[in-house]
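Just below sit the structures, each encoded as structure tokens.
In the two complexes that follow, chain A is the common piece, with chain B as its partner first and chain C second.
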Partner chain A sequence: MPLDTSAYSLALLRVDGRRWNELRRIHAQIRTQAAADGSSYLEMGHTKVMCVVTGPSEPGPRRGTAGAGAAGASKAVAEVAVSVVVAGFSSVDRKKRGRNDKRNLELQSTIANALAASLHTHLFPHSVIQVSLHVLSQDGSLLAALINAATLACVDAGIPMTDYVVACTAGSTSTYAAGDESADPLLDLNHQEEQELPGLTVATLGESDRVAVLVCESRVQVGRLEGMLAVGVDGCKQVREILDRVVRDKGKRMVLEGTVAKGEGLEDMDLD
Partner chain B sequence: MPREAEPSLNERQFILQALQENLRLDGREFDQYRPLELTFGDQYGVADVTLGKTRVLAKASAEVTVPYVDRPLDGIFNIATELSPMASPAFEVGRPTETEVLLSRLLEKTVRRSGALDTESLCLVAGQKVWSVRVDVHVLSHDGNLIDAACLAVVAALRHFRKPDTSMESGILTVYTPAEREPVALSWLHSPFCVTWSYFGDEGEIALLDATWREEQVRVGSCTISLNRHGEICQIAKLGGTPVEAVTLLQCTNTALTKVKEFSSFLDKKLAEDIKRRDKGGLMAELSAENDR
Partner chain C sequence: MPITITAPKAVRPSYAAADNASDDSDSDASSDNGAADLEGDIPMASSRRKEDKSYSIVTPGEVITDDPQWMRGHGTFVSPSTSAIVSSVAGTITRTNKLLSVRPLRARYTPEVGDLVVGRIVEVQAKRWRVDVGASQLASLPLSAINLPGGILRKRTETDELQIRTFFAEGDLLVAEVQQLFSDGGAVLHTRSLKYGKLRNGVFVAVSGMGGGSGVVRSRRQVWTMEAANGAGPLDIVLGVNGFVWISKHVETPEALIAETKSATTGITNLEESVSTTMYSSQNDRIGVETMREISRIRGVVTALVENGLRVDEDMLVRGYHEAVEMAMLGEGPDDIYLGGERGEQLAAALTGV
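On to the complex of A and B.
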């Protein structure tokens, strides 16, 4: 189904009615699974993912190769093992993907390496942090949603980290035709836009401009990269605000409910 | 599972400190490739790329098969990578390691998904017979920067490859042997090349091109950028690792473009030389069934 991009230039509205710099609705929850060390649920538009973190814990006798070990061989730091399970009902067509699907392995390895750079894995030698991600519904920006969910779950698990690793996608209107100067960058692509337009996924470390993950899988003019990257990095900052809000709200609620005691030095914390 | 020996703490420190002082172990500039060599085999479609001590061999082959049911008009194009224990003791037969999966995904995205080969031109009889082109990548020796070397080998092999000529007459498909008719080149649309940057330092502030295996072992992150000489990005992959400033990544992309243009002209030159070598007696123009476009 070709996307009618000609309408964009008229009203400057995208297929779902957003403007170029608008994110879709992000709804996130943490501590959704009582039994887990850390857990989260995240919706970016219609992309819905769940994450459960177990650990840091002692590695089992012999784990399978499902997780992509960021630290790999060395035992001096904790290994981040990620597994991504894509539910059969998550997209329109039920595609059976094997466990050794290369695309899936690449996703796992990307998320593991991105998290490992932010988590203070050196504090937990000889241990493993198991991150299980479940994709419940897909509507574009899958990698971004997975990274955000994994970050939230790691926050919930209380694993020390430098900053949030936050991700979002950016794209560009019109295809890779050369000399098209009127192309606008777009923020947060949905599935339809992802199919039709060039786009990239960026993950940054917190509010900085430092890029942890940059994945572009479509053909695009090199000149467009700068605009797309700028919009993506800016989007990541917005995402960080939202995720930070979620974490703080949950913390506040837990203090009010008396689940946890208010930490020292937080007397002036606003609890309304 | 055998695994690679880690560099010792001293070695690690030495490499990193030298890099802080703008020195590489082998005395290269930060954005300088090792000596690059490309040789073609006697057969069409065999390319052997040597980059320093890294050596990759790619072989293209074609056969006639039935197309996929959902794409009756498209030929089949596959890239198979094999990292055998010959290249490094850390590689095992049968079980794909993370390196191998990432390498084959990168080649797939760079060459196949960017549409370098026009798969529609491989169709012989719609829904019944198509060419299946396959490139086998063998890593003969691994001394870092497999991705760039493998990508160059694949592109070179495919551009050098000639598939048997065919004709269709009253519903009968004839495939001619090279003796009957001169084989024809694939319909090639653009040549993408990979350029891999390796990052060092706490904030990934040092960027190197064409890292050796030792350097790869101590790097904190990498970014592979695939471009063609027209300045089109085919793929970017910075899969995790220490975060790097966005501005640095943009500069890396621009440098990568100049490198890709060098690769492109290097490959064109080598292909032209090879054609001249094969064209003994200057009969090639008469034998060829290709039309000028």
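On to the complex of A and C.
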């Protein structure tokens, strides 16, 4: 179904009724699975993913490979292993995706590299941080949702990191073919927009403007790129605010329940 | 869409109200600052920070202080460009004199020298075992750090190395003490005491350990023997600091046996041999049904404590157990050991006195 972009210029509203700079509803939860080291569940609009983190832990003796103990043991930093499973029922068409699906592999390596850059992996030599992501429902911005969910799960697992890695998508209001250099940028594309319009996924390191991931798989005029990137980076800051709030609420509740001992505020520290 | 995905429910229904509250604030947050500001700078952020300070929760990337007089501890790092101390985990701030550290809300166990741990053998190497203690690395137990059968003065020989699997094989559970730490955080264990060694006659429960959050906490006593109800006899309980718990039927400790046999005037070599024959046995003794029931009741208490966010230590567990026995006596029915769900909450409420 082609996306009707002609109506946009009239009311400046997108197909789902958002303005150009509005995110979809983000709902996130952490510690959804009690038995896991870290877990999270994230919804960005209708894109729903969950994540489970195991580790950092040292893998036992691997079977099949000779002298496997030595191979893993030489690592000075923890390895981040990401696996993404896309559920068959997650999108409208049931597509069978193999284990070695190229798109899937690219998602995995992108997420693994982004996380490895932020996590303090040097604190855990010889160990593996296993991140498994499950896509339950897809409606655009899949990579962004996966990165956000993985970050939350790593925070829940108590793995030290430099800052949250938060991601979000940005697009442009008209297609590449239209050749419109002055098209407005859009924030947080849904599936329909993603199909038709040029878009990119950007992930930043927390509140800073440091870009951790930038993926652009569509053709777009270079003049429009800067605006899209700026909107994307700004969206990341909003996403960080929302995720941070989720973590804080959880922490606050744990302090109130007495599960975690109350910390000392910097105010009540005597500075002499 | 033919399939609807719903968000996972909170583990504890009693906190459903609090969950809804956070949901609302979520959607509020996304709607009222949903508009991106190209100039950057969201004014909401700073005010929210201040309000949260009262709970002293810090999250990754948050600057704790830029005062140079503080030293950074665990859970923090110094940002390369400035000299500010930044938190790297989500947790609460603790300070020891000038040392600032952040205790994570939850993390894996980090070994410390002197910790009593319960572990499982995962690998047998030429002169040592690798033990899973729930830490980020496997701990190692050298052959030289165990009590060999035949007494303390016995020399370690090559035959011992060859029959290393007769002491501990893969999958065996043991209780040990952390003897030393490597600089990379790896631990070396020892079982050079008759208190430590192979575990049998009981059940294993894994809860979260000293890393943070609820679970086993370091306390005065990690190992004790308690009298169980319903004529089950005494039970041994080992709370590993790493969050691994072992509950078993009480067997006379080797020390007690030695004392007994000493009075019976046997040669010292004989008695040590008699002790050591059972030391590395993997064969369970006969355990009566009532003992098994009480063991599983204690296991139920441990999981109920963790489910309700309470700490697991001697005091809580003993009180919880007596409470559970009382609850079972009052309630009728065959499934009186079950302590999940509502019954667990009832138990937790009785313990916290709410």
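To be clear about the criterion, the second predicted complex is superposed on the first by the 245 of 272 C-alpha atoms of A that agree within 3 Å, B and C clash if a C-alpha of one lies under 4 Å from a C-alpha of the other, contacts with A are read in each partner's own complex, and residues count from 1 in each chain.
The definition used in the following text is that contacts are C-beta pairs under 8 Å (C-beta built on N, C-alpha and C of every residue); 3 or more make two chains touch, one makes a residue touch a chain.
Predicted model, so just to flag it, every value in this text is computed and none were measured.
Engineer: Determine, under the contact definition given at the top, whether A:252 touches first (chain B), second (chain C), both, or neither.
Structural biologist: After superposition on chain A, A:252 lies in contact with chain C alone.
Engineer: Between chain C and chain B, which one touches more residues of chain A when both complexes sit on the common chain A?
Structural biologist: Higher number of touched chain A residues: C.
Engineer: Of the partners chain B and chain C, which touch A:103 in the superposed model: first, second, both, neither?
Structural biologist: Only chain B; A:103 stays clear of chain C.
Engineer: Does the superposition put A:225 against chain B (first), chain C (second), both, or neither?
Structural biologist: After superposing on A, A:225 lies in contact with chain B but is clear of chain C.
Engineer: Scan A:111 for contacts with chain B and chain C and give back first, second, both or neither.
Structural biologist: First partner only.
Engineer: On the A-aligned overlay, A:32 touches which partner chain: chain B = first, chain C = second, or both, or neither?
Structural biologist: second
Engineer: Once the shared chain is lined up, is A:127 touching chain B (first), chain C (second), both, or neither of them?
Structural biologist: Only chain C; A:127 stays clear of chain B.
Engineer: Once the two structures are fitted together, what part of chain A is touched by chain B and by chain C alike?
Structural biologist: Common to the two interfaces on chain A: residues 69, 205, 230.
Engineer: How about chain A: which of its residues touch chain C in the complex?
Structural biologist: 19, 21-29, 31-34, 37-38, 41, 43, 46, 48, 50, 55-58, 60-61, 69, 78, 89, 92, 120, 123-127, 136-137, 155-164, 187, 205-207, 230-231, 234-235, 237-238, 241-242, 244-267, 269, 271
Engineer: So in the complex, the part of chain C that touches chain A is made up of which residues?
Structural biologist: Touch residues, chain C against chain A: 1-3, 5, 7-8, 11, 15, 18, 22-23, 25-27, 29-31, 33-38, 40, 42, 44-45, 48, 52-61, 64-65, 67, 69, 75, 77, 86, 88-95, 103-108, 122-123, 125, 130, 132, 135-138, 184-186, 211-214, 307, 309-310.
Engineer: Could you please specify the touching residues of chain A with respect to chain B in the complex?
Structural biologist: That would be residues 65, 68-70, 72-74, 100, 102-103, 105-106, 109-118, 176, 178, 200, 204-205, 208-217, 219-223, 225-226, 229-230, 233 of chain A.
Engineer: Tell me, which parts of chain B touch chain A in their complex?
Structural biologist: 3-4, 6, 95-96, 98, 101-102, 104-105, 108-109, 113-115, 203-204, 220-221, 223, 227, 230-247, 249-250, 253-254, 257
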